Amino acid sequence: MTSPTLQTAPDRAEEAPAVQLTRLVCSCPDRPGIVAAVSRFLADAGANIVSSSQYSTDPRDGTFFVRIEFTLALSARDQLAERFGLAVADRFEMRWRMWDAERRKRVAVLVSRHDHALMELLWRWRRGTLDADLVLVASNHADLRADVESFGLPFHHVPVRRGEKPAAEAALLELLADRADLVVLARYMQILSGDFLQRLGTPVINIHHSFLPAFEGAGPYERAKERGVKLVGATAHYVTEQLDAGPIIEQDVVRVSHRDDAPALTRLGADVERAVFARAVQWHCEDRVLVHGNTTVVF
Amino acid sequence: MTSPTLQTAPDRAEEAPAVQLTRLVCSCPDRPGIVAAVSRFLADAGANIVSSSQYSTDPRDGTFFVRIEFTLALSARDQLAERFGLAVADRFEMRWRMWDAERRKRVAVLVSRHDHALMELLWRWRRGTLDADLVLVASNHADLRADVESFGLPFHHVPVRRGEKPAAEAALLELLADRADLVVLARYMQILSGDFLQRLGTPVINIHHSFLPAFEGAGPYERAKERGVKLVGATAHYVTEQLDAGPIIEQDVVRVSHRDDAPALTRLGADVERAVFARAVQWHCEDRVLVHGNTTVVF
Amino acid sequence: MTSPTLQTAPDRAEEAPAVQLTRLVCSCPDRPGIVAAVSRFLADAGANIVSSSQYSTDPRDGTFFVRIEFTLALSARDQLAERFGLAVADRFEMRWRMWDAERRKRVAVLVSRHDHALMELLWRWRRGTLDADLVLVASNHADLRADVESFGLPFHHVPVRRGEKPAAEAALLELLADRADLVVLARYMQILSGDFLQRLGTPVINIHHSFLPAFEGAGPYERAKERGVKLVGATAHYVTEQLDAGPIIEQDVVRVSHRDDAPALTRLGADVERAVFARAVQWHCEDRVLVHGNTTVVF
Amino acid sequence: MTSPTLQTAPDRAEEAPAVQLTRLVCSCPDRPGIVAAVSRFLADAGANIVSSSQYSTDPRDGTFFVRIEFTLALSARDQLAERFGLAVADRFEMRWRMWDAERRKRVAVLVSRHDHALMELLWRWRRGTLDADLVLVASNHADLRADVESFGLPFHHVPVRRGEKPAAEAALLELLADRADLVVLARYMQILSGDFLQRLGTPVINIHHSFLPAFEGAGPYERAKERGVKLVGATAHYVTEQLDAGPIIEQDVVRVSHRDDAPALTRLGADVERAVFARAVQWHCEDRVLVHGNTTVVF
């Protein structure tokens, strides 16, 4: 799941400082010649392809997805994206992005009172095992202020009073504007409006405390207990206007038994939530996740 | 999950042939003194408790479940169940059964065209790793006759013609009457009526090809593909009148990716179905599964 | 794995404050009548058995293990252990202990520089999901002082200088004396002498960063990479004089691929180490783990 | 793990019968330009790349691996391999092969007395979910003759008498010569000599009944029981002269407990062996497995 390439990048930079690792991610209608065109463009530009993954839903009339990591001398980097757009992307009607791998994504966290998903990110970040920069935490409760600030991270209390959600969302938008490449909901117990999501303009990842589509909505562990399931799970997905229905990035489960009551399921599930959430955020930050309708391709 | 005790039973029988392994399974309203009463009864009867498991949903006003394996000289076995009923079970309002562990449960299999769940049972049975006796296979299709008969097992073709389901169910009832302690649906694609289940009088275990309650009903792998889930699963449950809603015995999942289309999910899922189905049947036959409302306790 | 009983204990205490939950754990040579004797003793004492688990390696000449949770009026609790010793334990040559479930075990942590296993415990402790009281952290390095102290927990720097290990162990012994019911090694990179273990007198749990017995000793992730394994794991075990060879409490693994280099295995493995370590400590603190020669019985 | 492309191949063939799916697998010292050269060659040849995966152990001086699936008009297929060798492979010092995806690999099975791994392959083959053609089964025991022949497959009894192993290996070589693209050991309990492996000339896959490198050699389940491990596993690997030390293709584990004695571990482990073995054989037959020293790259 992790790339040795990324790990060695700093060393390589030391020895040959003018080389840069870049990620190119594209999707487009599948047709012959895409890989050849992309790799020819990169070869002509002097790039060395370090890794690539691709997938087609159907080679005849499906959608094609590709993720390429390449290195390139800094001197040759000039206007590369623009040139790629003109020479390749337009021709194949691509949705695409090019991302400098050394530019870590800026991540803002929304949270309510449960601290486990938040703390998982904070500790991975501090330990240097999250390829992202946390930039701020905002919450509709003040409970976690001290914890967050002890990591040297700004904490913003943005209460959501009954009937005043638009004001709260406006405050959040102001906070987040141009500060984050990704917003993550670390058990943020407020529903975000479609209008908010549209204005925000960055992807939003949520961690849901069930194995979706089982137990959508509130109280999943209580309902899991009632239904007598033998596994409980967690789902990380991109947030869309439709609650708990956005494209799934990652899921996992843990075995439970009749001995586990709803609070026990909640504790056991919290561990799965942490793991699934951290993986989804990490993969997004490495540009491994491509949205395909209401599903994802994870390279 | 398996009991060394059961394994050594034949050896023990050889050396001390007059001893018998018996399982006692009880559930009742919880209140003080149940364990003491049961173990005192068994000690007084000369039994040696080999293993026991118990569980209470709530020690104050919940339901209590216990499963005990004990050995007893054959000579002391006489009327043990009757005496237990009078001395203990009636007093605590127990639902209970006592089962001679050396009497293997007789299992009848209903199947349609998919052979994987059926073959898993047949092979485990032939290999001696299923603690049950398969007694017959019935199917609404004739396709699997030769496979079944090659195991020396009777195969009955009981077609279900449109509008003639009652006749088919009557034929099945006649086949199964007094011949089986358990009926299992190894991907039997017909819905059994409440009337059939009631007349049958034995438990019925079904293997459903999804991680219930996700994707109840038909076409679960197709719907899993559409929803973009990252795990597919299988669920073994007791059959009730309400489709796909009976008490869950066992579940498991397997990781899938965007590369797996619906036929691939079907193939990967089939392996999970086989494993989950075999475990559920095995556990039932070892009297490890106690029904509790719409859930199960699995010791 | 978790007990609903423990969860409801505070509520029960509120309503009926004079009742206490107690755990009884015994092992002894198996022979008829043990369960009856224990449960009769408890019934006579007025106890209500809330849950029990038992296991015998061989009913004829093996070892018998039992763990019972019972409630008892405080007024009836007097000298219960003494009476049990005389009336039951001595007769069956039991190794046994009785533990008041509301008395949380005191846990001391030894750590070196890797913080992940330590932090997992600290956060579970603060979140209230670890049934134990952390009492101190000691380390042969000073690096983690601030982190530990931010949890309000004493941090002791006990350097281990070359050739001065006996002095360091003496300092540790003084620190730990009568302060801990359990010592845990959260990636403590020093080998403890048999003399230290004997003087310490409490159980010691270590988390080893491989799936033992594969890759005993140093550098397991590097060796896992060289061997090309497809899963890496972690093992929590009781510490004995023989390095990495003590009784295993819990193990788990995570899938890896050729793309993961040794640092990636280290990161992925760290998540498994955290989970396995936390489960082992939790189970020990709930008196679920009984040692049996060089293995464990985990109820 | 499975490719939708392969599934749709027959349909495509129907509509456009002159197109063929081909797999190209290469490894070589990594250096800039490999991907560009390969994809340019394919584009110039009129091929459409359907999927590709690549990996480099180190972009500066490591080894590069690539697997490409492409379609090509039959008319353009002529001498493609020869041309690729001259134009690309020689230049980059590649080890490579090109394989027509519609030509299923011919697999010969060696087995002793345990039937579970053999039966797993036979059933997957008959069910059409193994992308290979089983061609024969040979065994040093006659026990499984009837089972094998009931699948319409030739069974050869090649006894291995004490001191006459060279004769037995010679008989096997004669049987296998030019008849198989792959030989699999489905619990074949004889050690094959280095001389045999060299003369055979095809890859050999073995299923070992432990999580290697733990419990190499004989009696792994017995030793797992003694060591008290909490998981048992299985390992599929290519066979080399050095026993149990060849490149690992796939591994998996299953959770066990103190209640499982060695026979129970054997039964539980058999299920993992079956699954791991089937995956390894399937992946090999799809040309997904590339050997890298004593490890594998699995695309």
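The chains carry the letters A, B, C and D, assigned in the order they are written, with residues numbered from 1 in each.
Quick note on the criterion: a contact is a pair of C-beta atoms (placed from the backbone, for glycine too) under 8 Å apart; a residue touches a chain by one contact, two chains touch by 3 or more.
Note that this is a predicted model, so its numbers are computed, not measured.
Please tell me whether the contact surfaces of chain B and chain C are same or different in residue numbering, using the over-half criterion.
Chain B vs chain C: same; shared/all numbers exceeds half.
Farthest chain from chain C, comparing Cα centres?
Of all the other chains, the one whose centre lies farthest from chain C is D.
Centroid of chain B to centroid of chain C, CA atoms only: how many Å?
So the centre of chain B lies 36 Å away from the centre of chain C.
Let me have the rounded angstrom distance from the C-alpha centre of chain C over to the C-alpha centre of chain D, please.
43
Mind pulling the chain B residues that touch 2 or more other chains?
4, 55, 257, 259
Quick check on the complex: what are the chain A residues that touch chain D?
Chain A residues touching chain D: 4-5, 8, 12, 32-36, 39-40, 42-43, 48-60, 71.
In the complex formed with chain C, which residues of chain A make contact?
Listed in rising order, the residues are 1-4, 7, 115-116, 119, 123, 127, 129, 150, 257, 259-261, 263-264, 267-268, 270-271, 275.
Hey, which residues of chain D end up touching chain C in the complex?
55, 211-215, 226-231, 233, 247-253, 257-259, 292, 294-298
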